[in-house]
Structures are given as C-alpha cells and as structure tokens.
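Have a look at these structures, which come just after this line.
After this come two complexes, each holding chain A, first together with chain B and then together with chain C.
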Partner chain A sequence: MVTATTKGLSRAHEIYADRGRRMRELRKAGKKIIGYICLYPPIEIITAMGMVPFRIFGDMSEPITAADQVSTTVVCPFLRSIIDLGIKGKFDFLDGAVGAHTCDIGMTTIIAWRDYIKDAPFTHLIDVPHTDHAPAVDYFEGQINFFKKHIEELAGEKLAEDKLKKACELHNKQRKLVRDLYDLRKSDTPKLTSMENLEVMVSLFSLPVEEGNELLEEVIKDVKERSIKPSRKKARLMVWGPVFDNTSLYELIESAGADVVVDDTCVGTRAFWADVKAPYDLHALAQRYLVDIKCPRTYRDTQHQEIERDYDKDLDSRFNYIKKAVTDWHVNGVVLQSVKYCDTHGYEVPNLRHYLDTLGIPSIYIEHDYSERSLAPIKTRVEAFVETLG
Partner chain B sequence: MSETATPAKTEQKRAINRLKSVYPLRNMVQQDYVTTLQASNEGKPTVWSMLNYWEGDLPLKAMGLNIVYPENYATLLAATGAAEPFLDASDSDGFPTHMCGYGRSTIGYAYRMMKENGGKIPPDAPLGGMAKPALLLGSGIICDARFKWFQSLARYFDAPEWCLEMPMMATYEGSEPELEDYQVKFLVKELKDFIAFLEKLFKQKMDWAKLEELIDLAVKIHETTYQISEARKAIPGPMHATDFWSSMPPSLFFAGDMKVALKCYQDMLAEVRERVNNKVSGINYPERYRLIFAELPPWHSLKFFDKLAEMGWNFVFESFGYHAPKPPDLSKYSDPCEKLARLSRNFMFNVFPEAKAEGIQNPIVETYLKIARGFKADGFFLHPLISCRAASCSLRTVQHWEQEKLDIPSLWVEGDIIDKRVFNPQEVLARAEAFEQTMDHYRKVRKSKGLDW
Partner chain C sequence: MEYEASKLFFAGIDIGSTMSKAVVVDDQGTMRGYVVGQTGAEHRRRANRVMEDVLIKSSITLDEVAYIISTGYGRVNVPFADRQVTELTCHAKGVASIFPEVRTAIDIGGQDAKVLKIKNGRLTDFLTNDKCAAGTGRFLEVAAETLGLGLNEMGQISLQSDTPVKINSLCTIFAQQEIISRLSEGQPLPDILAGVYIAVTTRVVKLARQLKVEPPVVFTGGVAKNAGMVKAMEIVLGMPVLIPEEPLITGALGAAILARDEAFKLVQAGHYKMEKKQLSEAYIEFTEKDR
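Presenting the complex of A and B:
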C-alpha cells in the first residue's frame, strides 16, 4: 500500500470528501456554478462564459429514498441517486444544471430535475445523436449552438471567440496533465494508487479548470518525488465501465492484491483522452464530444456504408484504444464493471469480452447497484479473478 | 358507476367483446412472417428492423423488401409461451439479464440459430421463425436498446447494420419551433444516405413514385387510426385495449399490404362508431370502471384482462407510444424524404407545448393527462417493467401528476413484457378489489371539485 500522502494528494482527498465546498465559496464570491450530468455537455462553453462547470455525481453511501417518489427502481441507480440528492437539497450551490441525451435515463434525469428539484433554476438538455455519421456531427454542432444561445441569455452577454479558444486551451491542458499523471502508473510499481488517482479525478470535476490544473501539477510533482517503494502486486488491471465516482471498488480490487493501473470509465480516461482541436469552434466541440469520446452510448459506425460486414474488424475499430491501453500499461486482466440497468454498457459486455479474449487478456464482469453495500458480494469473485492472474 | 349497455348475449359469454374487424388486421402480421419466410426460401433477402416510427419502414417497403421486426417477434415468443429457451441462450452468451426482454429473446434466437442450429431456424420458433437477415436496421428512436441490441446481433450475423437517426423528441429544447427545419434537414440527409445505401446493398433503385404512394397511404392509415382513438372516448368504451394491441402492427410498422390495411382500419372505424351509436361496450360486463393501461403489456398473460373485464374493468385506452398521432399536412412538401422526415418526426414533437402549458416538464405525463381527461378515466394501471427502461422510467411521474392534477389513482403492478415469472396475476387480482374502493373514493373527490366524471 502506498502511503505518505503529499500536499496535492492531501488537497484532492479533502475536495473528494466535500465536493461542494469550493463551489459554495466561489458562489459566495459571485461566480455562477453550472452543474452538468455525464460527459457530453461541452464544459468549455461554461468556462468561456466565466462560469464554473461542476460535474454532478451521486453518492454511493446515501440510501435512495426521496427519488422513489418520482422514479421507478428499474432504472440506473446512479442517476436515481442524483435525483435523490437533488430533492434532498444537496445541490443548493448550483445556478444551473445541464444534461444531455446520453442515454434514456440521462435524459429523463434532467426532465425530472425540472419538475422536482427546486435548486438550479437554469436548466438545459442537449440532444446528442446516436451515431457518428457526418450529418449527426453537424446536427450536434447545432445543438451546441442552441445551448450556447441559452447560456448567453443567462450570462447576459455573447460568447466571445477568444474566450472560447482560451477555455479550450485550458481544458486541453488539463487533459494533457491527466494523461501525464496516468503515465506515472505505467511503471512496474506505481507510486500512485487507483484510489488516490480517482480522488484527483473527482476533484477535477469539482474545481474551476485553472485550479484543477494547478492541483494536477502539484500532484504530478509530488508523485514523481515520492520516496516510497511500493511492492509489486500480483496483477495489473484495467477497470472498464460506466461512471464510478467512489474509491470503494478500487479499494476492493487493490485489497485483493492487484494494481488498477488504468481505466476506461467516464470518471477517468474517457473524460480526458480526447482534446478539442483547433480552430476551437463549435464544430470542433461537436467532433470532440460526439466522435472522439469513446462511450458505448454512441453507435460507432465503423463500417458505415459498407455492404460487407466484418465482425472482428468492427470490434477492433471500436475497441482498439483499449488494446493500446492494455499494451501501454502492461495490463494482464480487465474488470468490466457496470451499474445495474445500464443498457448501453450491458450490450457491450459480451462483445468486449470476446475482443479481450482474442488479445489473450482475461476479464471478469461485475454488476452493482451503485451502493457501497452492493460491492461486498463481489469481493470473493474479484479475489478469485486476481488469484488466477497471479 | 358509468352508463353502460346491456352485455351482448353470446352462446358462450366471453369477458371481452372483441371487434370483428380486429381479426384481419391481426392476421396481417402473422401472414407477413409466413410470406417473408417463403420469400427467403426463394432466395429473396429479409431485413430485420426495429420499430422506427415509419422512417425506415416505408423506403424498405417501396423497394419491395421483406421485413421482420424482432421486437414484434419477441411478443409472439412471449404470447406463445416460447420465450424461455431464447432468454436462456442470451444469458448463456453473457448478456446481462436485466436488459430488454425483447432484445434478450431475439439475441437468444440469433444465438440458437447461428451457434446451435448451423444457421437454420430453431425448431421451436413460433410461426416458422425469422429467416437470416440481409440487413440489420437499428433505430435511435425512443430507447437505447433499439440500436445497441442490433449492434449486438452483428455478433451472430455477417449482415451489415444501419442505425437510423431521430432527434430526441419530447423535450423543451427538441420542441422549439425554431429548430424544426434544422431537425428535418438532418433527417433528410440521413434518409438520403440510407436510401443510397439500400440501393447499393440490394442492387436496385428506389421506386420514388412507390415511396410517394406509400407515404400517402401511411397518412391515410394514421388519419383513420387517429379517428378510431377519438371514437373510443365514448361511454361505454367501445374497444378494449387487447383489441388495440392485436390490431396495431399494420399502423405501427405497416405490416402487410398498406392498401388492405387502410380498408381494414376503415372497417374498424365503422364498427367502433356503430358500437358508439348503440352504446355497446368493449367488455361483455357492465362497465364499472374505465382504466388506462401504461405502458407495455404483459404479452405472456393477456388472458388476465378477461378476469378484470369480469369485474367490470374496461381498459378504454393504452400504450400511447404505440399510437400514431394525427398526421401532419404534408401537401406543401415535394421531396419524399422531407415528407417522410416530417411524418416520422411528428410522432411526439407536437406534445411538448401542451405539457409546458400544464406546468410540467415531462411530455409523457402531459400526454396521459390529456388522455385521462378525454377518456374520463377512473384509474391507471401502471406496469413498470423489469427489463425496459424507456417504457417504465416516467411511470412514477405519471402516477404523481394524475393524482395531483386530476385525482385519478393508479394501480402499480410490476411485471415484464417477456418474463412471466415476475408477474403474479393472483396477487394483482387481490389488489384490484381494494383498488376499486380507491377509484370510488376519487370519483367523489373529482365530482366535488367540479370535474364531470
């Protein structure tokens, strides 16, 4: 176990434990705080308007009670948790909430927000097409433009091109720093645990981009200078799946004797791997969010217009970024985790496992209901899986 | 108690008073499976398609292609009690068990066809089964499963896939009038690409005149089914929900010959109007309560509605997502792709302004408020499904606002479209008795507030 917490990591730990604190301070100082759900609202626009984007997460330790009045139990418990916290007033520091049609329930979450959550009077729902066809990218650009107009009304001013460019550069810088941080876990004995890494990632979603960048620079410096010498673990794992914003799963895996060295989740690499490309306009944002983010919610039409279909080629086109990560981080096993009732990830599971089989990488699939207590039954399976890799 | 007609006398009294005009419509979808299979045996291609709210159906039909709808086939698997081995096959291939029952059963079908039967139809497949697809046509309309499930089917077949796009309906942002042309432009581009792809894949040209003719027929069919829905508001309700579910495929995805379907729906409209004029009910018992069913039915247990009919429960409306709305006026558009885009887009885009006027953000809620008022409902039968997010996620809010705005109570019954193990008819019947008292109570409350039912 890596210990000797450093200054940057210590700060990340504090922010992770109370994500709203800095937001409340900023709001008191006159900043507008705009919450957003999932990865698809273009946060560069929020930053460029002088507002602070805040990623809305649920809380795995808080039982869902209030949301039962407005939501059926057979839908994504992560999104139910968000509604639950909202009804309970836990997002009282938000001036707005932006959602996107990332999935069926992602969309209805923002609709329910409007009817049942009194905080955040400004709301906006962005339609995200299902495919990455060229007309879909153009359509999505139009959706981003519509969002821009709406948030301009809230700000009382137009979005300036130079401010959007600067915001894109700042967020790109953050993405580059995150990739640098992940690089530090390529070593045989990473000096940064997956729990610490997740705390940093969650902190980035809870700070203005400039402060997040400062935090990252601090953390990277601290980790590089860490004098501790962790021991080599039995396995080097990747964790794949939808949102996981709590360190408990990583603790469970690491306690089984494995290092989680990389992930493909929307609280990790998926959020930071793709940059916005120059000229930093709305089309570039559409391209980055719809095409370059690799979430199963998008039908990646890898053989668009082709009349001959090759399944293996399709899998390789969809998942070769995972192959690259497996190689670069020397991964020897993948934990596919999903929150229950997540259809977009659920349909992906057999196909991704098949692809990993062809790479000779063992995998395990685990499902949970986004509560800390639901992880306990998984422990034995994870331990057995790690044992087979040792 | 609602005004009712004397129950029809029949030799053997059936609880539900079926419309005669239902049967030819019901047979059309069954005949489609047989015809498609015969065509496949003659070497003609079969397209597997998701329900796509007409965007893809009409170009395929205009090219004379044979289409089957796995989503519909799954209801047959459930209704004939044949679903279980197909669900098991999906589970054994690693698909999570909480996913769409329609998806799981037809993924299981594909698995058994390709992995266990050497590409032949599984012997226990009802109605002869579905032939191997030459194209998998997914859709971005309504739910995530519609494209993810078809992407998964490519695991078993070497057929190409296509995912039809549709802007997200039924949201404040999606319904902004200033966005209409931009949405249509997107759909037209997608449709043109799709048709070009069909021409390349099937090596034949689109018959544009035929497509125009079919769009015209589609509008007429939807105008007729819309009038049937309007006529159903009468007291007693002249057409039971089970008749709608049996007869909807020629309107929902244009099963069969569309000219024949139009004639059948015109016959149905005439029969329903005749019942209205003569105060004939859709059940053969006095109509004591008028119920609305939301959203997807337990296909495996439709007989269960007989028991409720015997108690005087008339299901006067159901499953709004299966109902085509009043069609738009397409006469001012000349491009068939634009006509098609506007027809398909019409499915729910017109709902939101009314929802907003109610002060509610969820258009599904508004739709059901409007239906409840129009049909003078006494209660809602809400059926959240263990395996369908899209049809279940808004039901709590429907329950809340129906009670809040109209004092209409709901009976909450968990179940599934395919998996009968999660549905307990006996328990529901026991709860139904108590629910009658609730409906009686709120009937008084509504009247005390000046509502007329």
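Presenting the complex of A and C:
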C-alpha cells in the first residue's frame, strides 16, 4: 500500500479536492478502475475481481456546458453534470463505468455514457426492480449474476468465492467504521462538523476499500482525541434527500446557526448503514442492495400481504428508520433537500413531511439545481427555519 | 425631549429589495416612530439614512437606543445592527403584535412573496417565492408601466370591474404581452386591471394553499395598500383579509420588538448592560467615513 503523506482529516480534505488523484496513481500501477453511478452496482464484486470501485459524482462548481448536446435541461442536473464531466474528459482514469436502473435518468446516463463518452470503454447497465418483493430480489440476483459474468470477461478470470467473501468483509468493515464515526456526532457538541464528515464520505468513494478503512481509522482516532468546545448552536438537524456530494449545503446550514448531526442521503448513512450478510453470495448482495438500502427508488411495500392498507402503518414501515435516527442523534429539525426534477424523491416529500409532523419534528423542503449558485436563494429560508427552532 | 432620559428604545431596520423601513419601539414594545424610503443601490448608505430619519421622527438620539436588529434582503448591510434576523421571523412577530390571533400572513414585497403560518404569535411554517417576479410587486409595476398608469390609479380603476378578464400567463413578461393583446381586442381597461390583480393573487394564494390557509389572514407588504389588490385577494382566497394601518412596516416592527425581547433576555442572563449604547461610536465612525 502506498503511504500517504497526509493522514486523517487532512488526507480526506485533499482527496475531496482532487478525487481522481489516487485513482490515476493506482491505474499507473496497473489497477483497473471501475466507475459506478448511484448506490446500486454491487461494489463487492468489483473489489473481489482485484479492481477498484470509484463512485462517479458530478461537480456543483462546474457549469454544465457540454451535456446540452446530448441531454435536455428537463432531467436531473446531477446526472447531467456527470455526462458533462465525462464528455469533458474528467473521468479519463476509468477503465469501465457501471450504471443501474436506480431511476429512469440513472439508466439513460449509462446509455449516454456508452454513446458519447470515450473514456471507460467497458460499460454495463444493471437492471434493478423497484419493489422489495421476494420475486424482485430473485430477479435482481439474476441481474447481479449477469453483471458478474460481464466483469469476469473484462478481468479474464472467474470470480472466486473466497475473494467475494473477503471483499464483503472489507466493505462491511468500512460500513461499521462509518457508523462508529457517525456515533461521534451524537454528543451535545458534535465532535466533527458535517463538512468534515462529507469530505470523509466522498473520500471513501474515491479510494480502494482497504485505504478507505485505514483513513477512517485515522479520522476516528483524530476526532476522538479532539477537545470539544462547547457549542452555542441551537438546532440539531438531519439532512435528507438525494445525492449531495458537496460541502456547500452543509456550510450554508451550519452558518445559519445549526449543527447537522446526521443525514439520510446516499453520500452518508444510506451508503453505509446496511451490511452484506453471510454467506456473502449473490443472493446476499441482492438482499443488501435492493431491500436493505433505504432509498425511495425502491418502494417498500411492506403491507402487500395485508388486504387493507393502513396509511399510518405504511408510513411507519417506510420511515421508521428515520424516527430511529432522529431519536438517537437528538434531532430537532429535518432539512429535506432535493435536486430539481428528482421525481423519485419528490413523491416521497409530502409523505415524509407528514410522518415527521406526527413525530413533532419540524421540517423544511428546499430544492436546488445541483450548482453552488443555486444555494444562495435558499439561505434565508434555512436561516428562518433555524430561527423557528430556537 | 418628550421621554425621560432614562427610558430606552429599540430599533428594527428592514432593508427590502425595493423599500427600506425602520421602526423604533419603547421598553413596552409600543411603536414610537417609523420611516419608509426607497432602498436604491447603496444599501449601507440607505441603512444609515433610515436610522437617522427614524431617530428624528421618534424624537430620540442614538444614545437612547439599546439594541438594533436588522432584517430583510439587505440585512447584512446594516453595520450598526446588533443582530440580524430573517424577514420571515420578523414579519411573523410584527404581524402578531398587531393581530395577536393571526394564523396566516401573506406578504407581497417588491420582488418576493411569502406566506407565514403563525400560532400563538410564533412562526411555525412558511413558504417563499423568491426566484421569479410573478406574484410580486414587480409584476404590478410592469403592468402599470405597460399601461402608463400610476399604481394607485390602477387599483382604483380596477374596482369598477365586475367581470375581470383572464390573464393566463404566470410569467411577468408573457403576462405583459397578454395585457397588450387584451387591450388590442378592445377589452375594457377596468376588466383587464382586475384580471391583473387576480393573476398576481392567484399565484400567491397557490403558494399559501400548500400550507393550508387558516383565518384570520393578514395581508401585508407594499401592495396591500392597493385597493384593487385587496379586493382580488379576498375574492381568490374566499375570505376577508386584515390589513395593518401601515402594511409596509410589519417586518421592521417585528425586528424592533425582537430587539427589545433580545435585549431584555441578555440583561436577564447578565450578558448585556442596558445603558448608554456602545454601538453608537461604531455607528458614528461608519457614518463619517461614509460621507
């Protein structure tokens, strides 16, 4: 393993600023780098094949200019940003790109990649069903198997069972370490800021799993040793919503006088809360990804065996994991954020707000177009929200 | 001087996108004076000016002001303010101080519109429309310019109409074109104007409905002075609205009352001595540099 010159939070800060740097080094050393979009491609398989999974994000500070040639402005600006960066050659260190039918635009992004982005000649689309019904899990297992065969062709070797088991254990270890890190924000004064936390999360998606685990251990040690200054902030907030891979929103909220202590986004808890369970086979992967990851792209129809639908029970079965986080992290307000045109999250908002109302937790809904400048008009609203909690 | 020297005062300054407002209250929270002026391009100069003016109006000196809160779009440009609070919280406070029973407040400003839900005098929920001029005072200004009418005149003329024309477009620019084409069709002016007011209020009421409109409803902001607008608001909402005597200053009034509450809170906590204002020096220094 290459010894990094910086450690812990300062290393995370460096990686956050240049996500491709470590990937370029690894590629030079002969490693295959496989990019993936959203949370649904099973990265354990990529790791087990001796390749490096790299989560593809957009860039909120880069105006979308090249993507207009291949997609219209009525679709998710996050995914448009990915296409834009790809066309501009920002992912030239990738050997492959894997997408999944997380949502319709998520699927078309990998198709557009194949058609318009020259880098990463290997592409694969994983079909993902949209419910957690048992037959859907079986179907998804078949899709994972299909992906496995394709990547075996690229590697020129078969996926070994013991290697998959080891990869699952390494990724599970990472998930456990992330949960330990989040625990450090349960205290009255969180031991690290949400900006620092996000930089660590983004780094984990930009490093091989072993290096990510090493980074987490360093960060946890650093943060535990910190002496805490008493906080005068009056609100402890949760941020909910689709991908947010930039510290700007967290800066905006924290400068309004609140601490963000926990999140429900796919650059945070959603990515790390669920483990792959033994026996670490493809079925276990299907279960982990389709059922255990809590993203609104999968409808958790837990009432499907009952004849009568009970709205409140249904809400509780969909959102009780949020209730748990609100309790454990002593949250007194939730910021629901969404990127424009995200129908997946948009449909969830009224139900979730209603659920939070029944818990007595105030919430605010804000929408942005995945650019740093679109956050400015949100500032006053976030400040006013924090004032109502004071 | 009208008041005893020992008495202290509190000020709220609301620098809006179009208008700047300042209010002074006494230690009972009773209003002692207010001013309203155009904001213009220079927020800082304007902040100094409204502060000076409101002191003159209230017959007091800055030394007698214990605490100042700034609010509004330009709240960061009030260098002598002790604290900044958003206009949403300030409006809620100001409206509730005039109408303690208020449950819904609709405020239409020069370039934004907001809907506040208030319970027991506290802001509980809100929505704003701050990305688009539709449904704001700017929409009415564009209509007035297009027709060559004064804003008040436009309101008065609209009252003659019983059959408002439909303005379908929600976009300010498209609506302007629509007004012109209705004119060329020969539609009566009062009906067109009434249609303009209905179009603006429909946009804002749509926002309000997302939060459920509960009476009593208070209508504030510069446009609440316009008779045509008030009539349209009551038609679209389907219920009467309450309007403060001076609907422009509720934000500044709320800021002043919050300044009073905050100062008392700090004194109780032992963090603040409510004597001669230390900030006066900073204020004078800034004013002199500015001149």
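Here, the second predicted complex is superposed on the first by the 380 of 390 C-alpha atoms of A that agree within 3 Å, B and C clash if a C-alpha of one lies under 4 Å from a C-alpha of the other, contacts with A are read in each partner's own complex, and residues count from 1 in each chain.
Methods note: contacts are C-beta pairs under 8 Å (C-beta built on N, C-alpha and C of every residue); 3 or more make two chains touch, one makes a residue touch a chain.
Given the structure is predicted, the values throughout are model-derived calculations rather than measurements.
Of the two partner chains, chain B is the only one touched by A:Y347; chain C is not. Once chain A of one complex is fitted onto chain A of the other, the partner contacts of A:R27 are absent, as it touches neither chain B nor chain C. By the touch criterion stated above, A:K323 is placed in contact with neither chain B nor chain C. In the superposition on chain A, contact of A:K277 is made with neither chain B nor chain C.
Within the superposed three-chain model, A:K163 lies out of touch with both chain B and chain C [touch as defined at top]. When the two structures are aligned on the shared chain, A:K173 is found in touch with neither chain B nor chain C.
Shared-chain residue A:R381: touches chain C; no touch with chain B. Note for the complex: chain B touches chain A at residues 93-96, 98-100, 103, 138, 140, 143-145, 147-149, 151-152, 154-155, 157-161, 163, 165, 167-168, 171-174, 176, 179, 182-183, 186, 189-190, 193, 196-197, 200-201, 360-362, 384-390, 392-397, 400.
Chain contact summary for the complex, chain C toward chain A: residues 85-89, 122-126, 128, 130-131. Those residues of chain A that touch chain B in the complex are listed here as 68-76, 101, 103-105, 107-108, 111-112, 114-115, 124-127, 129-131, 133, 135-136, 138-139, 142-143, 146, 296-297, 299, 301, 303, 305-311, 314, 338, 340-341, 343-344, 346-351, 353-354, 365, 367.
Note for the complex: chain A touches chain C at residues 362, 377, 380-381, 383-384, 387-388.
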